[in-house]
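Below you will find the structure I want to go over with you.
Order of writing sets the chain letters: A, B, C and D. Residues in each chain are counted from 1.
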């Protein structure tokens, strides 16, 4: 049982780090600020959720793991709001969206 | 700003009037218990005092309307339907992360960004906010602006744009407030812009109309 | 001045998250005995909660919660609580901030230290929170933050 | 297990450095801000991982929560008070 929990935890930690790596690459690879916001919002949110899930498997179910889940909930609530605020202000500021030729 | 209940007011009226505040206090008390993690008298007493202070501070701004003139109190969300909506949203987050990761790692990066504007028939601002955040978390779409009933959404490929304007998610959000709503009637007046300059002009046209 | 026109997402997110952030600030303040935290950090988080409302629903609307006029006075009150506790300890025969000498009869020395620290931390929290809000309001020129 | 945590935290630091390129390079200020927010999210996970390494997760979670709050408010504040070129907006 201990072994299964540890294997799951390692898997989820590595998955979270992988998703955050993909998000970071996306921030550098996409052509304009709106597409970059896609990468920063969705991929990073799933990355931190998986990471926290891995940490919960390590610590076991307790008050501390509830607080860990609270961090994940907070980040997943705030990241779309932050991306919305940024892209809205970029649109009003006049940053042109990149389009295919 | 705060309205004291009259002494002759009956009990049910009190609960009906302050349902929002009581819910907020309960949620904050649960949050305090999770944060504190000590279940004896003194921390819980401090927690009760803190929750009372925070609820009192925030009850002062409950009656201030939003910038579009809407008052937030008195809207009932259907909590049971919210509980069924959240797992679907989590599944959508997983889907969207895999989708954007696929787009990122694809060597040619097959994106075709566009700006979709549509009119939604959601009844109030809170529903619009839930829809806007859900759009931001579902595959390939990002809410850029909400102005009145009009949503401005950045979609990254053609496929997600079709999913968006089919109105599936709008009807799911609409069911949180309305009794029945079909996907067809929720999402109307769709216009798609594939060039950046036109989108900004459309926004400015809206501004001048006001 | 800044226009009140704002996207409803930011407004409602500010209204919904501000109580949570304020409660987190108060928790950090009370948590100073057991882990990281204390007056200054709690005050910063409380000020962050108030400033989120200032940003989200507009500076003039959020005056209903904490007015700009009261911030400087409350900041002075916090500093007064902090310094006054120390001075009272001196007057009753101890050193500065020696809580065991506070003139409260019905508490023992250990309890007196515990509650003395708590009282001083309350002063620090109020001073930091209202001081930061007063700096923000003064920089933007809202209301009559400083009487200058 | 400690070796594994060390490797994961080193990987996280590398991941954290990638958005810094966007912060330094970004053509507009919004790109820089987006990169900074992405760095913030990675720092939250790094703080949680340090909590696990030092065996004090309950202590580091509070720091992570505070960091998340300040990261969010920083983005909102800069996005709100960035001066706009458009004539119709203030």
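Here, a residue touches a chain if its C-beta (ideal position, glycine included) is under 8 Å from a C-beta of that chain, and two chains touch if they have at least 3 such contacts.
All values derive from a computational prediction rather than experimental measurement.
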Task: With one step meaning two chains touch, work out the least steps from chain C to chain D.
output: 1
- prompt: Looking at A-C and A-D, which pair shares more C-beta contacts?
  reply: A-D
Message: Report the inter-centroid distance (CA atoms only) between chain B and chain C in whole Å.
response: 31
Statement: Distance in whole angstrom between the CA centres of chain A and chain D is 11
- prompt: Using CA atom averages as chain centres, what separation in Å is found between chain B and chain D?
  reply: 24
Message: Two or more other chains touching the same residue: where does that happen in chain C?
response: 7, 9-10, 13, 17, 24, 31
- prompt: Multi-chain contacts in chain B: which residues touch at least two other chains?
  reply: 31, 35, 37, 132-133, 143, 145
Field: Per-residue multi-chain contacts in chain D, two or more chains
entry: 58, 62, 65, 69, 72, 76, 80, 86, 89
- prompt: Across the complex, what residues on chain C touch chain A?
  reply: 7, 9-10, 13, 17
Interfacial residue positions of chain D with respect to chain A in the complex: 1, 4, 8, 11-12, 15-16, 18-19, 21-22, 28, 30-31, 33-35, 37-38, 41-42, 44-45, 48-49, 52, 57-58, 61-62, 64-65, 68-69, 72, 75-76, 79-80, 82, 84-86, 89
- line: Note: in the complex, chain B contacts chain A through residues 31, 34-35, 37, 93-94, 96-97, 99-101, 103-105, 109, 111-115, 132-133, 136-137, 139-140, 142-145, 152, 154, 156, 194-197, 199-200, 203
Field: Residue numbers on chain C that touch chain D, as the complex places them
entry: 1-3, 10, 14, 17, 21, 24, 28, 31, 35-37, 41, 45, 48, 51-52, 55-56
Statement: Within the complex, chain C is touched by chain B residues 1, 24, 28, 31-32, 35-36, 43, 46, 50-51, 53-55, 57-58, 60-61, 64, 66-68, 72, 125-126, 128-129, 132-133, 143, 145-146
